[in-house]
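Each chain gets a letter, A, B, C and D, in the order it is written, and its residues are counted from 1.
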Amino acid sequence: MKHFIPFIVAGDPCEEVTIDLAIALEQTGATMLELGVPYSDPLADGPIIQRAASRALKNGMTLTKALTLIGQMRKKGVKIPIIVFTYYNPVLQLGEERFFALAQQNGASGVLIPDLPFEESEHMRTLGETYDIPYISLVAPTSNERIAMIASKAQSFLYCVSSLGVTGVRDSLPTKLHEFLQQVKSYSRVPVVVGFGISTAEQVERLQHVCDGIVIGSAIVQKIEQLQDELNDVHTRQEALRVFSQYVASLIEPLKMRVRKNESETTTKTTKTVSTGQTD
Amino acid sequence: MKHFIPFIVAGDPCEEVTIDLAIALEQTGATMLELGVPYSDPLADGPIIQRAASRALKNGMTLTKALTLIGQMRKKGVKIPIIVFTYYNPVLQLGEERFFALAQQNGASGVLIPDLPFEESEHMRTLGETYDIPYISLVAPTSNERIAMIASKAQSFLYCVSSLGVTGVRDSLPTKLHEFLQQVKSYSRVPVVVGFGISTAEQVERLQHVCDGIVIGSAIVQKIEQLQDELNDVHTRQEALRVFSQYVASLIEPLKMRVRKNESETTTKTTKTVSTGQTD
Amino acid sequence: GRFGMFGGKFVPETLMRPLADIEQQLYEALADPSFHAEYMRHLYEYSGRPTALTFAKNLTERLGGAKMYFKREDLNHTGAHKINNAIGQALLARRMGKRKIIAETGAGQHGVAAATVAARFGMECKVFMGEEDVKRQALNVFRMKLLGAQVIPVTSGNRTLKDATNEAIRYWVEHCDDHFYMIGSVVGPHPYPMMVREFQRIIGEEAREQMLKAEGKLPHTIIACVGGGSNAIGMFHPFLDDDVECIGVEAAGKGVHTTEHAATITKGTKGVIHGSLTYVLQDEHGQITEPYSISAGLDYPGVGPEHAYLAHIGRVRYESVTDEEAIAALQMTAEMEGIIPAIESAHALAKAFQIAPLRSREEIILVCLSGRGDKDVQTVMNYLEGDEQE
Amino acid sequence: GRFGMFGGKFVPETLMRPLADIEQQLYEALADPSFHAEYMRHLYEYSGRPTALTFAKNLTERLGGAKMYFKREDLNHTGAHKINNAIGQALLARRMGKRKIIAETGAGQHGVAAATVAARFGMECKVFMGEEDVKRQALNVFRMKLLGAQVIPVTSGNRTLKDATNEAIRYWVEHCDDHFYMIGSVVGPHPYPMMVREFQRIIGEEAREQMLKAEGKLPHTIIACVGGGSNAIGMFHPFLDDDVECIGVEAAGKGVHTTEHAATITKGTKGVIHGSLTYVLQDEHGQITEPYSISAGLDYPGVGPEHAYLAHIGRVRYESVTDEEAIAALQMTAEMEGIIPAIESAHALAKAFQIAPLRSREEIILVCLSGRGDKDVQTVMNYLEGDEQE
């Protein structure tokens, strides 16, 4: 450890660039990738990711296309596990089995559905096992006595929501976060990662000691938004990707120091807990 | 007989012209004059007289001034009886006694209050007798069994309202009007005049056989309205008064023929029934 | 047809007989239990009576004095007490065989009530409305048209309520054989002030019963706004023989010391308006002056003759409340009790809020919340945003 | 938390515990006679219940078939059935010690109801409203502000109701420790659909009793409009075990064969919206589509999961009515009965007018007149004058 799990939205700013961003993130030190499927009603997301989803939807992104995009990433050599982050409704329309089949076929490594809590996800979890595509559960600061229940069925890793609220950059994280993470770790048989609101190297530094990985979404998506024109233009894309990687590297500087220290350990743990799901 | 009783509004289009109009009307054959006092809320009047009242009010006309105007008419030689037509509220504010005193002092010959029906007018009728300024009562097509009661207390003459409605020019008069006038005459000890809506020589011709006099208001006031600019301008006033007189003469042509026939009789009856009230 | 020296029938002779007919039929109707039963049935099954009596808990606690109760006439169909009277008069018109209704309206409240009952009772309805008001109240005009009424813009005078009333009377004079004139307040010639009172008494009768049920005693003070004064008379009348203080609240507009107010009893003098002898706002020559209030329903230069009488004999006290005080009371009622009152009713509320803190916690103040404020939201918004109302 | 396969709690994990808390406290409250007594007291003394049952005599005679009765939810305080639920949820929030209310609103009706009860119960209130709706409904926004609520314009998505609801949920996720989310219809995650139904059952319970009193028998057919469907569930539920035909009427907008409608059950497919599995208007990729109806209250791409269930098992029939038919029914009801219904309710009326002539004179159709049309007069005016609504 520790995991660095960046989040980007499929199709933002366009399909081709999403692949380039995945490659850049892997090169910069991502140990896993969360690929968001854009949705019309993303009620767990803050404004930054909402805007990214809007851009992607305008580009015609769909759940099927997003899964295909994973296949393309694999073809382009992306090796790190890729977690599909999608709302439930597109999965329901595609069909749950068909979703897993497509995910498997395209080399997805896990699925995370923010609006499908434990009680509603039994069928998905079963299918996840069947297709060997772990269904990632979330725990939140309000989960309390639910933590044990959720942890007992956790597949691959547990995703801790750092604070009440939706995704987004936050100036500060809750004071009780460490306590919460300790509590989750005490129940969990799988690694515990934390996300929602983590957007600075300082926060990364503080959190790395109490979890097994860190998800960074809005901060990265915001940087993509800032660079979108340059990323879309083939003439400026490489430079923009360099700027992007530099920014990401700066965010995870505290982790990298550890990563270098614990490189072998981390690699081993990752492959153990999350199938890369590559089928090709 | 028959009486021709024109109606004009005090102060329309201005005080000076009102006097000139009175003189012109007397010369044209009026046997009495109804002088309207302008009022803010003339609910017995149609739009033509409402507009005349508005013009007069803008010129600062009041009940007191209107009474003074009668005095001025007398000074200028107007001899025919002048009936003050006023709504009740200005009288109430001036004071009923003071009103009669001023009316007497200025040579008014009678008073007619369209919104003070028989039941509300006892005090005014008594004062009318005291000051020898008859209080003129109205009867309407709806009066029915009230006619006998009103007629029994009538002073000077009875004013028959020709039809349901307010003052104004009407294309036709009710078919039952003759019947109604006959009924009133059967109860009345005093002459019966008819007004409201009479505006053409044809109507005058038809009515003269069934009443003792005819009031013409809106048609005359409308002519004044048409001529107001010329009447207000001293250079064109005389010509405008000539046009006015010509119009009035044409209206009462049918009456004049009778007037010429019965001249002596009419004069006698008028002085008997309506005091000219001249005090100077 | 008199309340002491006030009231009467100051109308053209043409209307004396129609008024006598109405009077006679009204007395017969009021003495006829089946008429009363039908009136009550329509109030209950159509207009939603009885209206609630609401304890204003938050305001009572905030003001720290007397307990305040609101009689919720705002919960009536069409949003105010006006419908009580409109139903009564429509039933009387039907009894008299008249199927054509004439009504006057200022802001449109009585016009809507008249149009409503005309629709419900299958009658024709003509509503006279000043041209200025037609422009300002386009939505209410459309509402009346939806209800099937004909709205007739009045272009005489200042083109507002007073002129609309004059014009309605003029039209009635001409069409009294088959039209029934439905007056919206306790004004006009006898028997209207008495008739409208009888059709609004239900407010006070219900409130009395509800008050006794809720508190086991009568209120110490009853407060209602007074324009023409129909909600106030309806509320006060059933309590006049009791030891209950009654306060009528007139619109002081921009202040009774300015010329822009509608405080007829406070500042007016005896005069005749719309067929009735009462207090009137007028100049020294007896010309009726244009009143002013932010509340269209109180913006009337006369007042019901029975109020003039009750003021004269001292049975009811009449006070006044400015635009500013009324708007503040409206805001306070909205914020503290979740009720947006009509600006008219807010005048009564403002007075209640002034008085409540001076009274003991054992006392009860009953306020007639005569109508809802939905119709006034635009006016309040303009006022608070500093736009001048015309 | 399910109605057959429909319903559930499709929400972020963060909300699972707050939902469980609400569920537990709701069950306790519903089992507590003092809670019910207080709920009823506020309905009666504040909102003016029971609402009337009005026999639509003129329309019945005109259509020549079944007798039509209207349950008059328009007579409630704030003008619609929404207040029943808002009072219930406010009492529950207070019981849970929460003094901050979140609500979403489209045209503003539920927002006004929420702001109203927040004022009455001394609570803070934040109302989320799409920025487009904020512009279109400036008066309702001001009304909410008068009631002391904070209106938060939502700039995400299409800036209308769906997005306002998303944003309200997002805010709730962040503030669930001290805020109570007051949902306005029988939608959202369990226990909301069940809770709102329980707080709207009063409609059907009262109507049932009134119907038996008026006619000595139950109606043969009950008709109510369905957007989220709270008035319909409230009306239907107490009759579901009886041999009574129930018809829910969705908004067909410009026609169910066009893309501009809000006929969720008629044309939608199973999906998840705002935490609940139900019928949803969506594209083949599971993206929720923007619905359309002239009626803001029916302009919702989902429907209460219990309706989805009742449709699925065939207990309730769901049909649809176009803008044009609804407006015609609104006009007819105004002109014939003196009642201007909300455009929402006019959808139910339109269906009733289609059915009544086909039924015998012995049959009874009961229509839920869910709200008054005052709020819609501008829309109807624009529609009839040919101006396109946005």
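In this section, a contact is a pair of C-beta atoms (placed from the backbone, for glycine too) under 8 Å apart; a residue touches a chain by one contact, two chains touch by 3 or more.
All figures in this text were calculated on a predicted structure; none of them were measured in a lab.
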Centroid distance [mean C-alpha coordinates] between chain D and chain A, Å: 38
In whole angstrom, how far does the Cα centroid of chain C sit from the Cα centroid of chain D? 34
Per the centroid of Cα atoms for each chain, what is the distance between chain A and chain C, given in Å? 67
Give me the residues of chain C that touch two or more other chains. none
If a residue has to touch 2 or more other chains to count, which residues of chain A qualify? none
Graph class of chain-chain contacts, one of line, ring, star, complete, other: line
Mind listing each pair of touching chains for me? A-D, B-C, C-D
Sort out for me which residues of chain C touch chain B in the complex. 8-18, 156-157, 162, 166, 169-170, 173-177, 269-275, 280, 282, 284-289
Residue ranges of chain D touching chain C (in the complex, touch as defined): 44-48, 51-55, 58, 72, 74-77, 79, 115-120, 122, 138-139, 142-143, 146-148, 330-331, 334-340, 374, 377-378, 380-381
Which residues of chain B touch chain C in their complex? 39-47, 50, 54, 57, 62-64, 87-94, 114-120, 137-144, 146, 150, 161, 164-166
